[in-house]
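Letters A, B, C, D and E mark the chains in the order given here, with residues in each chain numbered from 1 onward.
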């Protein structure tokens, strides 16, 4: 399991891997937003937390496709299935995905917030929201990726299946960020967000492993 | 060339192909936006044109990855390269991509605008902007896809390369949509947008073909 | 045993005693790969069951499990960790990969990929090997190395099932699966069964 | 001729007369595939040049060009259109694919994929065939069909270059590329040349 | 236990085709009859609401459709469980058949709601929690259908869609509450006895509404059964085709 974690991290950090690109995509969306909605500080400030969350969500989503599909195509997945319990494999891979996407996006969010005129007191809540919310994104996504393993280049189908599942996470996450930006108290949504992530981390590997087994059959 | 066009359309419409999913993704992003930036009508109206454009851009981007990568992996691309001039191949594939993404997104944009409280008079300009702007998205994207053919699963790298190239299209397109929504005159940006698309359709196939040749080597 | 609702082979019963190998033959599309996957526990048999425990098998199929961005050494190292092997030396020796140990997956030739995939067997220690067309793309030297690896495994009391179209890498009894070919028209799978 | 800055083969000069085939042999990783790709115009030679016109060649490499979501008939039909062949009948006949003509690419076995890929040759009419390990994964029947197709092509005045590790599908002069192996250490490519 | 066994009997395809064949005409008759009755009564023999005016009549389509949309998802959920546990092929097919019907009901609910919203709330769409969760329901339907379409191996597609339906319904509930948390809406609370104990609209509107809802229910069942039957036939056809070639 540790071996798999290390290998996935290495793959992600290599050229063509998900890591740097995920970040860059995040950056890109944030940069494009002002072009799309026009530069007015007021307008930007109001949407900043939301956009930052949406961008993080999409960046995570885009890196998800490779989670299992690549391994399935080149036969690694069946080798993994024979070498270790799939639940463990899913957990390791999802964890690697989180470390290379969510964890970093969380660190990257506040500085980028400046570009979108996010008020300073909003930076910390945004960081917490991203940090505690992104595990849910990775582990829910792992389930979606497992469902779409049978479909080659199933990236779009994946997003179609996963985005509705992301709704609660997004709502709580954006709520925390928004309240934070407005200087309100954000304990309640943050707690809910953390609980949600915890639940996903605990439950999703089993669902995903079941889906993978069906897919290998 | 016609053969290739038909075959690509067929692939796109088949299960797991890009078509339906691109639309679904578009819908999805639009639906998620209010969760991110809050349900207030005023706020939504102001960002609606921008978000609709951003979503269309991302939907096109997601379907672009498969444009050449799949063919490169399974060896179809080298067969194509030997069977026909690559410029023609690129043109056919990009055209197929536009028909199955941009053209349909344009039709889908206005109805979805309702969800984002886009004023009615903004619907028509949005439609024109998407219809005349999306060819640029497809053909610029084809160039990016050609550049990333060498990298397996270059989806994210692709988005990195292409997003900056999309900036002008995005600016003009969103401008048209915004002016339309505010009832202003939008002839000028629309004309520029159309010119931009025309230029891309004419020039990009050559750039892309050159990139593909390099990639095959 | 069935695939996509098409019943392929029926009545196959295999027993490989320790220290021996068996090579399977049959037309393209007969169901050899599917059979191996069933034995490896990757596919469910339409009916019948496995006496052995899939945990005991090592499977080398058409898929090479080569990562474009990892070097040969890194890939072998990963599998070694996973199977708890001490070092990747045996694998490198088995198919003398030292020369290309530092080369990335994307830069491997067909035969080099296959060698890399087969070398994994030297790291797993599981009694039953299931090899699907192992000699494809291997040159003479490679086949000799495979033969050596196999006989070493057999002498150590392991057993192996080989699927080949040409001559098997080591001389061993051959079994032609044609005999077990299911008569067309029988279907399998929950949906098909339901149609009695 | 070089790959990734590594010089592989030097001084190769091939001339295949009409109506004859030549089979190339050599270690794994020697450069056979690379050589074929050069001849097909897919790779540039480090130095030297091609006398023939790549337009005249048909190349069947390791890649099968199989689409998971298209049926065999659809795929062949597409290539037929592209090469201006009248119908896909000859292809279906050449490797009797009628039985699986309606099956989707994802549901093909290894050998069926290869047959499908080789069947394409029956639709192209180009004089020079470049076949990279065409017999891999083919059963006896398949090899016989390939042999028939090849000899038909040769009798029609075509020529072919075959890369195989085992025996070539038809008997033809063999050429061992080992002789042309570039001495290690020589570098190639613009950067290398720029070094001195 | 024996009772159970006998119930499952009816899920066996041949039996299924048999009894559905007999039941369908009745379902159609009852469904259409009740709908006609309820709609005619509601449209022509009840006056206008003092607040909503004659637009209130939309309720006779809107509410039943909305309820059926929700029930459709419950049906999919149940079918998924049965398929995963008992591997009854028909249950998988019923799930597959229910999805498009449910989606259409959802869309009817959305459209009628939107039409209603225009006069009542002065807007076609508002991000009211219930409306929102309804939209999300539509997305779930879409994803479920897309997954069925994307995978050609039927057993596999059955498994995966079943898992999606189960996990999905957990998150559907979650997002319903998340939506509440996110925005308190203008859509009125439920007033149908079957949903809550008491009732908040007077019999005057209630009886025709109740009748149409029962009618819609029968129509819904009829539609699902028809689609399930065609699915079974499709399987038979594909199997017959597989017989030609192996």
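The rule is short, and it goes like this: contacts are C-beta pairs under 8 Å (C-beta built on N, C-alpha and C of every residue); 3 or more make two chains touch, one makes a residue touch a chain.
Remember, predicted model here, so these are calculated numbers, not experimental data.
On a Cα centroid basis, the chain most remote from chain E in this structure is D. Across the assembly, the mean Cα position most removed from that of chain B is the one of C. Taking each chain's centre as the mean of its C-alpha atoms, chain A lies 24 Å from chain B. In whole angstrom, the spacing between the mean C-alpha positions of chain B and chain D is 36. Between the Cα centres of chain C and chain E there is a gap of 48 Å.
Per-chain Cα centroids separate chain B from chain C by 44 Å.
Along chain B, residues 15-16, 21, 24, 28, 35, 38, 152 each make contact with two or more other chains. Those residues of chain C in touch with two or more other chains are numbered 4, 62, 68. Along chain E, residues 136, 139, 142-143, 146, 150-153, 155, 182, 245-246 each make contact with two or more other chains. On chain B, the positions that touch chain D within their shared complex are 2-4, 6-7, 10-11, 14-17, 71, 73-76, 78-84, 216-217. By the touch criterion given at the top, residues 3-4, 26-29, 33, 62, 100, 107-112, 115, 133, 136-142, 165-166 of chain D touch chain C in their complex. Within the complex, the chain D residues that touch chain B are 40-44, 54, 57-59, 61-70, 74, 78-79, 81-83, 120. Of all residues in chain E, those touching chain B in their complex are 114, 123-127, 132, 135-136, 139, 142-143, 146, 149-152, 182-183. Listing the residues of chain A that touch chain E in their complex gives 143, 147-148, 150-151, 154, 157, 160-161, 163-165, 167-168, 171-172, 175, 189, 192, 196, 207, 210-211, 214-215, 217.
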